[in-house]
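Each of the two complexes below includes chain A, the first together with chain B, the second together with chain C.
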Partner chain A sequence: MGNMDIKEIDMRGQICPSTFITALREINLNKNEIKSEALKLVFITDNRDSTVTIPETAENMGYGTTVTKEEHHYRIEIFSARQ
Partner chain B sequence: MTLGGEWVTGLTSLVIGCIAGLVMHRSDFCMAGMMRDLFLFRRYTMLRVLALLVLANMILTEAFRQYGWIPLFPYPAFGPPSLSNLLGGALFGFGMVLAGGCVAGTLYKMGSGNVISMFAFAGLLAGSALYAEFHGVWKAFSDATVFAPGKITLAQLMEISQGTAVSAAIFILGIPVLYWWKSGAFVRRSYAAGYLQPWKASLIIALLVAISVIIIGIPLGITTSYAKFGSWFLNLVLPEHVRELAYFSAMPFRYANQLLGISYAGGPGPGYDDIALIQYPLIFGLVAGGLISSASLGEFRIYLKVPLPQLVSGLLGGVLMGLAARMAPSCNIWHLLGGLPILVMQSMLFGIGLLPGAWLGGKFLSGIVLKNN
Partner chain C sequence: MKSIIHKLFGESDLERLTSENRMLREAQFRQIEYIRKKTNQLLLLMGTLPIRPEELDDDTLIGIDPIGVVAESFVQILGHEKNLNERLRVAHDEIQAILASVGIGIMVLDSNMNVQIYNQRVLEMFGLDEGSLSGKTCCKAICGSDSYPPNCAFERIMETRRPVHQTDWVLNGKHFEVSGVPVKNRFGDVTQVVLAYTDITRRIETERNLRDREQMYLAVFENAGDIVQCVAPDGGFIFVNRAWREHLGYSPDEIAGLKIWNIIAPENRTACIEHFNSLLKGEQLSEVETVFFSKDCKELPVKGHVTISYSNGKPMATFGMFRIEHGDKSSASGQQS
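== the complex of A and B ==
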């Protein structure tokens, strides 16, 4: 937990499925690091629909997720389910 | 026309637009997303919600028609089916996926500050105006490919009563809707603030469409006004050219509103007429609804750092959608929420056309526009 890297991706203002497609790609590219608790992905988005689609898909893939509203946007975190 | 009838028409459209915009924003009621996600991600929840909306509208409008509250039936401005409905629907489906929203989605998203939707809106105006350049050729093609002259609804084609046809459709659509309802397939888990479950939104929108039909005499329509906006801008720079184009001088929209005791007349040209009276407040309301909803949640924000391919996609999608909405003629809101529930054959063809268009749009978007995102 102590040395976990955080990769933050800002996707505010982007076209509708962009957030989901990018999130899916990042999860798949970094699956080993996330599962070994070496990495946490953070997506910053203003797309309300992403608060449905990204956590739902990530949880179905076996990851843990949290969604937090921050001022004008949402912060979606994807991490190992063991955390 | 009396002043009273005009005011009631305009205010009805404005209130409907505001409520629809607010409800669509809160529930992420994106019809482009419904079609796109079906093919791109195999997600069906929102398409099920659309089926619920169509079913609710079928029941409402048929009940109101039986009560005699809908004197003009089928609604004015629908015609016999033609190949142009199918092709227009396909191009529209492609365009709306590229634009990231349909003609209504573009408006409420624009109201919430989305820059891509602003580009899509500009594209919609340009595409709608561009259609006027080849209206004559397309109209001839459309007329030549009509395959049930004088027949507008499925009931008319099958020579059965509207009540029988709609009852059968309610039964067929009702079975899966009831199953989805019982299995909880309409519910979405969202973390968005102030989230409205889409199934609730679909029932509210179905009611709004029915109110429009009863008071104004037609379901929700937007896109002729996009042609009007487009022709207005074109008129600023090329007034002679606008005068020469037959499409902009036509006034095809004419009917009498018995409830309000007034008659409407309008067309896609740049002047203020009854198309503007009905549709401008609806358009303004949809934008305002998105703005009110996002601002009240503290989510209104204009983000300018958008990748260029996405802006181009929004603009191009808007142009194609604007063109397609004139070719079809009309848009998803008119056909899926207005025509389909009363089994208008034009609308059924438009809906069928949407599917391959949305599939191709999804391929283009994920394979080209978002490839290097």
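== the complex of A and C ==
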């Protein structure tokens, strides 16, 4: 595995389903790069619902996900499931 | 402005343009409503809330193209599901091949005891026809009963929610070793039970025959006129017969703490150790002559044969059978006493 780029999308202030659509849009736009392990998407959100809907759908789409609680927000990572 | 339009197009054209404009706005409104409605249907399907108008205005809604975004995601979901189904199909085929190849009978039951999956070995073990298990409970199909049989592994697993192992479950005169494992959902409820049967009827019969033969040989040796002894590698006695006990004068309780060296006359012990080591090396001994030493210090000259038996390549015991030669000889100490 070579160097992986990380694209961070700050969605703080948005709520679900706006965050959900934004996340799906980003995943769709970058699907080839994510699947080839060249890119990892990181969504920063303060909307708790998004920590369920986004990872669940991303996993159904075949991606790997992690959710981390940070001080004032959540960090949702979307990456290739092969990692 | 109105007067200019009047001059350019006349009254009728103005009305027509106004009407067309109204219709276009109505059509756009319907289209926006349609997009919102369909978007919300798709979002609901994906487990999220609908979009509120204040969250996404009409222009942004068109710009973002949520139907396109969700549709593209569905394409990926379906692609992933297709890939997953293919992997599941391969895994299913592998499991079927494994089930067919193992020598044990395997059944998968649901929580109501209905048979879901079974392999060919189950049919052979219980003398069932193809398809006779489908749609039936295990107790009905296997045990021919409407209720749980005694020592039912399924019943115990459902009660304890733990794996169960039965070393000897008997059905219609046949003996089975049964291992059962619960399959639980994420709430810890048992959803399925996997049962594995091994037919041990032949093994049980063989063990019974061996026990019977062992008893028979023990009876023969016990009642033999010759002295018979079976000695462990550490010198302890595993078995001695009645003649041995009578001639050497030890009770069964005393024999437990006795070693072979305790019954060999001192001057014969070196030779005896040599015999013992020769046997351990795998050598065969011709007739052995030695002198046993009884509890009451009498010397018993004996002649006989000693062999050794192995278990997993290691010496397990020596087996000796001796007859007394020339009658008893009192030892010096015996004579003194």
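FYI, the second predicted complex is superposed on the first by the 80 of 83 C-alpha atoms of A that agree within 3 Å, B and C clash if a C-alpha of one lies under 4 Å from a C-alpha of the other, contacts with A are read in each partner's own complex, and residues count from 1 in each chain.
Operating definition for what follows: contacts are C-beta pairs under 8 Å (C-beta built on N, C-alpha and C of every residue); 3 or more make two chains touch, one makes a residue touch a chain.
It should be emphasised that the depicted structure is a prediction, and the values quoted were computed from it without experimental measurement.
**Q** Sticking to the clash and touch definitions up top, decide whether chain B and chain C on chain A clash or fit.
**A** They clash.
**Q** Quick one: name whichever of chain B and chain C touches more residues of chain A.
**A** The partner making contact with more of chain A's residues is B.
**Q** Once chain A of both complexes is superposed, is A:Met61 in touch with chain B (first), chain C (second), both, or neither?
**A** It touches chain C, and chain B stays clear.
**Q** In the overlaid three-chain picture, which partner chain does A:Cys16 touch, first (chain B) or second (chain C), both, or neither?
**A** both
**Q** First (chain B), second (chain C), both or neither: which does A:Thr51 touch?
**A** first
**Q** Taking the superposition on A as described, I'd like to know which of chain B and chain C A:Asn30 touches: first, second, both or neither.
**A** Neither partner.
**Q** Check each of 4-12, 22-30, 58-66 or 130-138 in chain C against chain B and return the one that clashes.
**A** The answer is stretch 58-66.
**Q** What is the shared patch of chain A, the residues that chain B and chain C both contact?
**A** Shared contact residues on chain A (touching chain B in one complex, chain C in the other): 15-18, 20-21, 49, 53, 56.
**Q** Using the touch rule from the top, collect the residues of chain B that touch chain A in their complex.
**A** Against chain A, chain B makes touches at 28, 30, 32-33, 36-37, 40-41, 43, 100-101, 114-116, 188-193, 195, 298-307, 310, 313-314, 365-366, 369-370, 373.
**Q** Across the complex, what residues on chain A touch chain C?
**A** 15-18, 20-21, 24-25, 27-28, 31, 49, 53, 56-57, 60-62
**Q** Give every residue of chain A touching chain B within the complex, in rising order.
**A** It comes out as residues 12-18, 20-22, 46, 48-49, 51-53, 55-56, 67, 69, 71-74.
**Q** Mind pulling up the chain C residues that touch chain A in the complex?
**A** Chain C reaches chain A through residues 43, 46-51, 55-56, 64, 66, 69-70, 72-73, 76-77, 79-81, 83.
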